[in-house]
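Heads up, there are several structures right after this.
Two complexes follow with subunit A in common, the first pairing it with subunit B and the second with subunit C.
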Partner chain A sequence: MAAVSVHQFAQCITCHAWSPDHSMIAFCPNNNEVHIYKLLDGKWEKIHVLQKHDQIVSGVDWGTESNRIVTVSHDRNSYVWSQEATEWVPTLVILRLNRAALCVQWSPKENKFAVGSGAKTVCVCYYEQENNWWVSKVIRKRHDSSVTSVAWHPDNILLATTSTDGKCRVFSTFIKGVDVKKAASASSDSKFGEQIMQLDLSYSWAFGMKWSPSGHVLAYVGHNSMIYFVDDVGPSPSAQNVAFRDLPLRDVLFISERMVIGVGFDCNPMVFTADRRGLWSFLRFLDEKKTSSSAKSGSQLTEKIGKFYGQSKYGSNDTNETSRTQGGAHENCITNIVPLKKPGDTTVTRFSTSGLDGKVVIWELQSQHDLLGYL
Partner chain B sequence: MAEFEEADNAEAIITRIEHKSRKIESLLKQYKPVEALKTALEGSPPNTKDERCKSANWIVVHRAIMAIKDVDSLFSSLDPEYYDVLMKYLYRGLSTGDRPTCDQCLRIHEKLTERAGLGCILRSLADKVNTV
Partner chain C sequence: MANPLRLYLTCIRNTLEAAMCLQNFPCQEVERHNKPEVELKTSPELLLNPVTICRNEAEKCLIETSINSLRISLKVKQADELENILTKKFLRFLSMRAEAFQVLRRKPVQGYDISFLITNYHCEEMQKQKLIDFIVQFMEDIDKEISELKLSVNTRGRLVATEFLKQFV
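Right, the complex of A and B next:
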């Protein structure tokens, strides 16, 4: 079984993040608070409630090195929380947004964080030592619609964004005084907000995206049940569109250079792997389900369509239609996937997922023997 | 940018479709409905905004769809790359509301969903740019 532990924290979870030592989890239970739970004696206990936002907290990220939590909410605000003694102290970050903030991520060095918003902008915030506050720089141009997801490149400067206009864009977020210009690198696009690349691969909304550990490959998902892999991000990228059989994904995670896990409306993580030539394809679902898969639900759907048009081809099978609990770990759409990486590890073998069913499930890949070759 | 090309191309596309139509009629006479459908789906003009081209191609595809009797054999010889386009045409057929068309489209839809999965339906719904 790939799922090692399942816990129902709330009725619905919008986002979650782990503390640096993975002992505490912070998540938003679909309201304006962030709850922090700690595993004490095998039981999850609520130890803190962060209450500052006025509306749903749409994104939370916990810095592994700095131990700071950043939260963004539909109330157009963002707070950076630092732990002092036993309390979490919030610092307001003025994002200057006129629409909701949708997603947030700390940069790899944790000196900046990026916020995607419904105002068609991305805010990159950094800490100004002299004034002791967080300043936000806004990338206003380019996006035609809400920015649904942001992902930092390992070099701490390039930022990729996906948007509901279906496009994925890569920007440079070089900030003088915060970032150090690499003398050897030929990146002349060192201006803040400069668009390096725009990918027009998807005709529908684009959601979760991530960079591979080395930063060579970018993966993002579209709402049309496709996942896009982009190699050689730069002036001449090469892209692969992988169409798959099932419902769309919402978020992705790179386990290693050759394996990606996607999560979404099928309530089951999907494993995508790259073969030796670098061609990506869908391998299998991660969770073993007891009942049958989408083929059966397809015929149930057409049974309903058939009935609707007055042609019942399957006799009376009405009692069969119950709720869609398929015996898997999650019962509803999975919206978030977060790696549980120990410092010093190059690949991820454990990760957690949270979804609209309010559950957080921790998955372990070491037990999946057919996947170990891709780690 | 592409509008001037559209006007010229529209005529070229319609002639191509008429050409295809004759080929399809001959294939149907030879009792090869699967080949006919493949020819009809090939070169579907999803990139034109011209409604006439889309309608012309729809008529041709419709003819081929209605001629199919054995749905299972259809999928054993149809390449997966045509699944998404076929699904879009099936929905166009279902939207006509015409009883025999809808019956046939439903029959094919059921088998196509079994083969291609729900993702195929998603792709035909989500794609607002390449419509048929």
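Right, the complex of A and C next:
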């Protein structure tokens, strides 16, 4: 079994992030709080509750080097939390958004973070020492619809975004005073908000985008059950579309240069691999599921209505219904996949997934022998 | 007789499995609001193509999806006037108690007999498979229920008429 541990934290989890040493997990249990749990003596204990937002927290990211948590919410606000003694103290972020914030990610150097929003804009925030707050520079008028996902390139300058208009765009987010201009780089696109590339591959909404560890390949998913791999981001990119026959994905993760794990509405992580020529394809599902079908028998509607008042339909074990029982780790859509990487590793062998069923599952790839060749 | 129904229901079930991929999505038009986009229809990029599955002219099912909500409208077979009245009354009875069902819509969409509105919150609280099972079971049972009602109306009418006319014999 690839799933190493399963833990039910809440009824539903929106997003989660791990502390730098992987001992603590911060997640949003589908409300306006962020809960931090720590593994003490083999049991998960709730140690902190971060309460500052008014609406659901849509994005959480924990910086591995700086040990700071950034949270964004549907109430158009964002806070950066730093740990002082035993408490988490929020720092204000001036986002200047007039719609909900949908996603957030720390840049590789953790001096900036990017926020995608429903206002069709992307905010890139950096810290202003004089006023002790985080200010933002906004990329406006480039997106036609909500920005669902942001991903930083390893060079800390390029930012890729996906949107519900189906397009993927790459911008330069060079900020004077924060970023150091590489003298050797010949790129003249060092203006903030300069659009390097726009890809119109998907005719449906695009989500879940990530860069490969080297920054050469970009992967994102479309709601039309396809995953797109883009090589050579720049003036002449080459893209591969991989269509699969299952339900759409929500998020992806690069395990190595040649392996990608996608998670989504199938409740089962999907493994995509690239062969030696660089052609990507779907390999298999990560979890083994047992499926069983039960015989259907007609029942009276009035009986059903009676049952309704008496019994809830939250997973009732009614033998009258035909349902495909999920034997896998997750029971509902998986929304988030986060790597558990030890510093110094170039490939990821452990990662965690969280979903609408409220579970966080940690997966280990070392036990999957057919995948070791791609690591 | 049962086979075409089975095919119709399987088709609807498969479409619902693909359509019920919903996620929480805040409103783009109004800040701090979260509305079912399929009802609002203000942002066309958030809506998917509606699918109509017709069994024949009298029976069809319209499935409209958006990013955070799904609307299923059913038109039930009504062969004669009596079935027409029975269907209307019965479905109105159910629609008025829509809170108990949670996924039912209080008014059916124009041109249909009954509508369901499923939002991302329903998918978070309840299992997707169970929701689909419920809808498909509902469609099966509706036909049975209406024919039973019709039968009982006819039986009762015959009994009452017999009793009444006995006095003239």
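One rule holds for everything that comes next: the second predicted complex is superposed on the first by the 341 of 375 C-alpha atoms of A that agree within 3 Å, B and C clash if a C-alpha of one lies under 4 Å from a C-alpha of the other, contacts with A are read in each partner's own complex, and residues count from 1 in each chain.
Just so it is clear, contacts are C-beta pairs under 8 Å (C-beta built on N, C-alpha and C of every residue); 3 or more make two chains touch, one makes a residue touch a chain.
Just so you know, these numbers come straight off a predicted model, no measurement behind them.
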{"item": "Which of subunit B and subunit C A:K191 touches, first, second, both or neither", "value": "neither"}
{"item": "Contacts of A:K342 with subunit B and subunit C, given as first, second, both or neither", "value": "neither"}
{"item": "First, second, both or neither for A:Y203, with subunit B first and subunit C second", "value": "first"}
{"item": "Contacts of A:M226 with subunit B and subunit C, given as first, second, both or neither", "value": "first"}
{"item": "Residue contacts with subunit A in the superposition, subunit B compared against subunit C", "value": "C"}
{"item": "Subunit B versus subunit C as contact partner of A:K46, first or second or both or neither", "value": "neither"}
{"item": "Subunit B versus subunit C as contact partner of A:R250, first or second or both or neither", "value": "second"}
{"item": "Which superposed partner A:T164 touches (first subunit B, second subunit C, both, neither)", "value": "second"}
{"item": "On subunit A, the residue positions that both subunit B and subunit C contact, one per complex", "value": "204-205, 223, 247-248, 298-299, 301-302, 305, 309"}
{"item": "Residues on subunit A engaged by subunit B in the complex (per definition of touch)", "value": "203-205, 222-226, 243-248, 294-295, 297-299, 301-302, 305-306, 309, 311"}
{"item": "Residues on subunit B engaged by subunit A in the complex (per definition of touch)", "value": "84, 102-103, 106, 109-110, 113-114, 116-120, 122-123, 125-130"}
{"item": "Contacting residues of subunit A [partner subunit C, same complex]", "value": "11-12, 14, 30, 55-56, 58, 74-76, 98-100, 102, 118-120, 144-146, 164-166, 204-205, 223, 247-248, 250, 264-265, 298-302, 304-305, 308-309, 313-316, 320-324, 326, 331-333, 335, 356"}
{"item": "Residues of subunit C that touch subunit A when the two form their complex", "value": "17-18, 21, 23-28, 31-32, 34, 43, 45-46, 48, 67, 94, 100-101, 123-131, 133-134, 137-138, 140-142, 144-145"}
